[in-house]
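Shared chain: subunit A. Partners: subunit B in the first complex, subunit C in the second.
Let's look at the complex of A and B:
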């Protein structure tokens, strides 16, 4: 369970280098192929990886949130309403979305986080449903079940990023910032506190770590990242409705996180990178796509408890034993 | 006015009985195996399709179809327990995540087999019962009657047979139950099998009223989920109380306020109960 176990095992350094090279290569694929479609998938990978990174921060303190889509929704609606109604530039709308999602998480976090394990999952599931129902009930803000269409595209200092090719570099920058934040947290004192709380809450508490506050910090940061990703998604796709941010979206973030690796730093990115393009290669067979998601999820849980990120270490261990 | 109250009362009890059929399996899976089963709604959907196949494709009478549905569901539940859930027996969170995957597989499997369109189910009975100004469609009365009979049979099984006692012992304390000779391998499969069967029966009973499609599992899952939270995860008496309560709240709120208000009220109630008393109305506190 220890979060540092992968970096202490022998022979991992070159593996990290290989991983970094592979990721960089993967990021440049759309420029090599030049296909608009590949640019679109690459942007979607970035958005999913950002949202899943937020979920990972919450998972680092041992909680699994099924309300992640709702926080993405809060961020999306905040940004869209500010941009559409108050003519705010999108570049300010995105952080505003993160801020509001984080603020909501901070306020409701302290009572919610008294619950642990499946109870926390259940209450966040109920919250996500409540968010959807309330949004459907206030169509003057949410657009009701027909949603809000024609959302302005992201624009940087007067230049509108209208094509997929133009959005992609910006998406890469945002994703790098989010992952940079995760690295900072992980390396710093906060990360060690998170790990202690995840490993053994009671022990952490008796060692003088304010566990409730620590969990709330993680929940707030993670949900703020979700808000940012949700706002990005809204301005990229150009359409949102309360149904966009339903149970299904929360579940797909969980699937990406678990597939990539629940506690690993690179888990969210690997999960998003593996699962987002998958349906695109099975076009015309959306049903099979979901079945594959389900099978992948159960197989990973069963055979790769540390996710795809843990695969090299697991193989190395097997090889070492043989 | 008093007529509206009486009508709401009857509708609420009908709803409550059906919610209870769903909730017992859900709460049993948690009580016995510590699994929060997000695939439970899909078992309802499978039950509805079994009934549809039995009645329209094979031309069997409705009671025979229901009996077959129960048999198929028990076997299917035992299989699912063996293949999907058994590896996660001591890991609540992984078991729950696995059930999310299972739900996706089942729902989209049905989508491939039967297509997305809702299919009409031939009416089993037609007409209404009338007492003064009270009206109960016969189809609903039939669903209610069969539902109550099945619940009673299950209650007798649980209270007065060896396996029923073993199941209850497992819910109370796994280790002690195992020490006293309860065979976990069999009882886990049986527990999930019965839970699946009750959900499938609910699906079969509701099919003539609401039609059949791969997506019909979502609402019953939500209801079971609400009932089980309110009653306390793992508590069967709690589920019974909460199911009737939920049926009445929904029926009264939608008669006197609106249907969307009913949904918001019940979800808000769920959140309050989880915060104030996570063990539910009749559940035992976790130690």
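Let's look at the complex of A and C:
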């Protein structure tokens, strides 16, 4: 057993290097194959990984949000409405989506986060449904159940990223920024505060850490990231409806997070990378996506409690013992 | 010498059950006091009251000349730090991070770093293992880390709850010496709550023996160690 490692992933240095190389290779696959379909999947992986990263920040303080899709939806509708109605450039719409989603999370966070564990999960589940119902109820803004179609594509300084190939590099940049933000949080004082609150709330409180405020900061940051990812999704796919951001999407994010590794820095990326393409590549199995996710979740919880990120360390341990 | 921690006529109930029947004792500034007694004698109740977690029916607790209000956080503001029983640590954080968490309320970074260095002087093992996960330390090292964390706020009164619990005797002896040194060097008032009466009384200037919510004996540590009642009840001799 390694005694010097303090990382939760528990991996050793060469393994991290191998992981980094594998991730880089995976990111370049679409360019090698040149397939439009692969580019599309790669963009979807980036969007899922961003959203799941937001969920990870919330998980770092020990809370699990089932309203994550709703915050993605808030970001999406904010950006779409600003771009469509007020002619805002999409490049500003994306951060505006993040801002509004974060602001909503901040306001409702302080009363909601008094609930812990399963109660918080339940209330966020209800919130996600509430978001969907409200959106269905205000068709003049949301387009009702028929949604909003023909959403402007992402454009950078006058160049519209209309093809899958053109969006992908921008998606990679956005994902890198989000992961960079996660690294910054994790390395800094705030990350230590998060870890302390996650691990032992009472002890953190008695050390003078404002635990309620700390959880609200995480909830706000995480939901803002979801808003950004949701806005990205809206402009990429070009169509949103309240159903897009339903409860099932929230569950998918949770499953990606848990599959990748709930507390690991790279968990969200690995989870999204594994689960987003999975149903797409099992041809004709897209309608079984949730069944596949369910099976993967059960397998991960049974065999890889630390998620896929913990796999190398677990293999190394097994090898050492044999 | 005036007393730094003073408990006056403390009466505490748990629902209808009276846990403390008017407990009084004083700990002079810069001294180690031992609070000994068997299970259910009221040791933890006294600690919780000092930390402001319980509202006494009667009586008061003073630190210096300030009367503590029974609110969590108020005693911390007046320089009371607790190292809890069972050495609760953030197991997945490193030793150094655990110590820094202890100094969370200290705004001045220089003061924090200075205190960290001082903790490492008393507990060199912690320095060796500063990057290691706290959960992977031995029991004795975890206890050192817990005491170190309490020290990080530079408390004027340090409360230690059962530091010898579940620790090898040789480490207990080492801890006892370090506790004595800390109190002497930093002129810190220490209240040591222990079931291990031998260890606690041997380093305590003041000893208080508690039985079913009452103080039954007080004296210097050595007097109590020599007294037939204490020997019979707590030391088995």
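Criterion: the second predicted complex is superposed on the first by the 308 of 322 C-alpha atoms of A that agree within 3 Å, B and C clash if a C-alpha of one lies under 4 Å from a C-alpha of the other, contacts with A are read in each partner's own complex, and residues count from 1 in each chain.
Simple rule for what comes next: contacts are C-beta pairs under 8 Å (C-beta built on N, C-alpha and C of every residue); 3 or more make two chains touch, one makes a residue touch a chain.
Given the structure is predicted, the values throughout are model-derived calculations rather than measurements.
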Which of the two partners, first being subunit B and second being subunit C, lies in contact with A:288: first, second, both, or neither?
first
Look at A:199 in the shared chain and tell me whether it touches subunit B only, subunit C only, both, or neither; answer first, second, both or neither.
second
Looking at A:209 after the superposition, I want to know if it touches subunit B, subunit C, both of them or none. Which is it: first, second, both, neither?
second
Determine, under the contact definition given at the top, whether A:137 touches first (subunit B), second (subunit C), both, or neither.
first
Report for A:278: first if it touches subunit B alone, second if subunit C alone, otherwise both or neither.
neither
In the complex with subunit A, residue positions of subunit B that touch it
36, 84, 87-88, 92-94, 96-98, 100-105, 107-109, 111-112, 222, 225, 229, 233, 260, 263-264, 267-268, 270-271, 274-275, 278
Interfacial residue positions of subunit C with respect to subunit A in the complex
72-73, 76, 82, 84, 88-94, 97, 100-102, 104-105, 131-133, 136, 149
In the complex formed with subunit C, which residues of subunit A make contact?
3-6, 8, 192, 195-196, 199-200, 203-204, 206-209
Under the stated contact criterion, what part of subunit A meets subunit B in this complex?
64, 111-112, 114-115, 117-119, 121-123, 125-127, 129-130, 133-134, 136-137, 251, 254-255, 258, 287-288, 290-291, 293-298, 301-302, 305
